[in-house]
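You will see two complexes here that share subunit A, one where it goes with subunit B and one where it goes with subunit C.
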Partner chain A sequence: MKGFSISLDSVIALAFVMLAVIIIATQIYNPRTPDRIYLKELTIDTATVLDKTGAIDSMIDGNLTEARGILEATPTLACMNINVVNATGKLVATASKSGCNLENDLDLQITMTPFIYEYSRYTIKIESWFRTRIE
Partner chain B sequence: MRGFVITILSVSIILLVLLLAISLRNNQLSMERALIEPLPLIYAASATDSIAHNLNKIIGPGIDIEETNISTIVVIRDTMDPFNRSVNIGQFENYIENYFADATHSAISLNFSNISDEIIRVYLNEGCTYTNNHDDLEIRFTPDSDAMASRYEINFTTPKVRLNMSKPGNDVGGDMEVTLHYTDLNGTEDDTVTLNSDENNTYRIEYVDGTNIQIMVGMIDGSVVITSSTKNTIGTLVLTAVLPTPEVDTRIGYCYDAQINYVQGDVRKVTQICK
Partner chain C sequence: MRGQMWVFDFSVGFLVICFVLVMYILAWNELVLRWSINNEHNIMKTSAYFAAESLLTTPGEPESWETMGYIDGNISAIGLVNGRNEFNTLKLDILVAENLSKYEDIKARLGLQKYEFGLRVVDFSKDTEYYEFGKFSNGDLNNSISFERMAILNGEPVIVEMEVWGG
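Showing the complex of A and B:
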């Protein structure tokens, strides 16, 4: 009976130690930029690149090639969807990164920026998220 | 009894480890908070930069600034014309203050009162001033009084028929090199001279319709002034100014004589509209 108690005690102690090790292993201090901050900055930078390279001008003119090329050049895990809306709120052009599906439970970042093309006013709205699996 | 002591010791050690783990977790969360806090500021900076970029699309001028270890080269591309930009500026102001501000849940107030009267004024590198007066058709570039231009290259084109052209005279071996590439329907005139920056050196071009354009370089502040005697002149200008390298703490870029007041949540940014 005494031997059994000691064994049980050891097992319980070992279980506590294992639990502590698991907790520590999952809490390793890693001061990297949180994903949503990284995604927000990536989205803002992408909006700037789209604006200053003339890709949005081309989108409004009906040519999505340049904008899609910029979207495909973003990191593999990042997904983006660009909507160009005119001053009355009407959707003028849209482009998405290939292989990305917008699911309901994703952490979505939205960035909006003003845009002028031939004296007309537009708003660029970019939705971005991390894809959960690579297809 | 011994087993009980060992258990107490084990539990104590585990509690210590758990406390350490909680502390590490709290540290990580506080680091994330520290990184997240500036995000609205980043977005505010991005929005104001974007507004400046789009204002530039409406009123110009195109400006490129190149800094080397011995000089700063400023290239300004603009037009001399009497076209009224007030309507476009007003529409842009209304769009940003209402539609865009609502869409981004922010409060944006723009002060364009100093540029909507057709005088576009830009401050470059915290010292030079460039003004395009579309009312009086006068373009003026004035360098910082402590950093005079050592060289100007003026490229001006206008669709007019020339009667004659007078130049400022012979090369006087002054402190400022001036190169003019002037083009009209008669062809192109090129001139390169070295002039004194404190004198008024004038190119005067007269046209068959009785009008004239004057390009004045120098005067008391080493500036370049292009004026037209009539309000129906249309011309394109590419002005290159070679300036000394600015002080290390000088902001390289340009600002409009316009202000933005941006508020989103706790973030408030009140600044000149700059690029």
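Showing the complex of A and C:
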């Protein structure tokens, strides 16, 4: 009976060790998906399209329609928030995609690009993230 | 009696350890299979995103390959834009014209030889289709990656729909 207890004890211990190995392996192996690359590319696309179609010029002039139209055309799960800041750091214009709320736990990316309009320097700052649910 | 107990003890212990080992091997195999599928999917995604980046942000190599009027071995990389995200319509025309005869060759230059590839240029409302190249799965497959990029065609913003699938 003593031998039986010892063998049962060791088998249970072995089972626990093996379970621990599986749990540790699943935690360690956590490959990074390339979705972050896609979001970065998409954000730079949006900045380029905003710039080359004159939507940033319109934003600085106070017309947000064109910029909002471009933001709304981005993929459903992508969220973006554009801020145009002048050389003194003052916020000149801002536009956000509708239905997107910036939550604390999101994997936020920030892309900044310089911009010149009527001999004045500006910085376009785009915050982008993937939303987890569609509202 | 003592010998009988020992045999019984050994048998039960052996059976239990075999059971634990078999369960462990099955669980491990399942994990490795999932990792492998995940890994393959990530490789496919990365290839798709890099192909899209090549098409939408580079003019190709040589830069003015569209002046040749066709795609052949002298073109080492295919890009469809003049500046970043600004489509060159002549390059798009040639790409679409070569769809039937050079599809495999074009895919290979984009690093997508293992997969099928489709590209579509549409307006913001997705009602008007300007260009279409390659093959789309039409949602029939699980191992498919569909994504969108943005670009400019003739001064107007457009959506570029892409799908990489199969493999």
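Rule of thumb we're sticking to: the second predicted complex is superposed on the first by the 102 of 135 C-alpha atoms of A that agree within 3 Å, B and C clash if a C-alpha of one lies under 4 Å from a C-alpha of the other, contacts with A are read in each partner's own complex, and residues count from 1 in each chain.
Quick note on the criterion: a contact is a pair of C-beta atoms (placed from the backbone, for glycine too) under 8 Å apart; a residue touches a chain by one contact, two chains touch by 3 or more.
Just so it is clear, the structure is predicted and the values come from calculations on it, not from any experiment.
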First (subunit B), second (subunit C), both or neither touched by A:Asp9: first
Which of subunit B and subunit C A:Pro75 touches, first, second, both or neither: second
Which superposed partner A:Lys52 touches (first subunit B, second subunit C, both, neither): both
First, second, both or neither for A:Met18, with subunit B first and subunit C second: second
Subunit B versus subunit C as contact partner of A:Ala87, first or second or both or neither: first
Touching partner for A:Glu127 - first (subunit B), second (subunit C), both, neither: neither
Partner chain in contact with A:Asp35 - subunit B first, subunit C second, else both or neither: second
Intersection of the subunit A residues that touch subunit B with those that touch subunit C: 29, 31, 33-34, 37, 41, 44, 48, 52
Subunit A - residues contacting subunit C, complex: 1, 3-4, 7-8, 11, 14-15, 18, 22, 25-26, 29, 31, 33-35, 37-38, 41-42, 44-46, 48-49, 52-53, 69-70, 73-75
Subunit A to subunit B touching residues, read off their complex: 5-6, 9, 12-13, 16-17, 19-20, 23-24, 27, 29-31, 33-34, 36-37, 40-41, 44, 47-48, 51-52, 87, 111-116, 119, 121, 123, 125
Interfacial residue positions of subunit C with respect to subunit A in the complex: 5-6, 9-10, 12-13, 16-17, 20, 24, 27-28, 31, 35, 38-39, 42, 45-46, 49, 52-53, 56, 83-86, 124, 147-152, 155-157, 159
Of all residues in subunit B, those that touch subunit A in their complex: 3, 6-7, 10-11, 14, 17-18, 20-21, 24-25, 27-28, 31-32, 35-36, 39, 42-43, 46-47, 49-51, 53-54, 57-58, 88, 91-92, 95-96, 99-100, 103-104
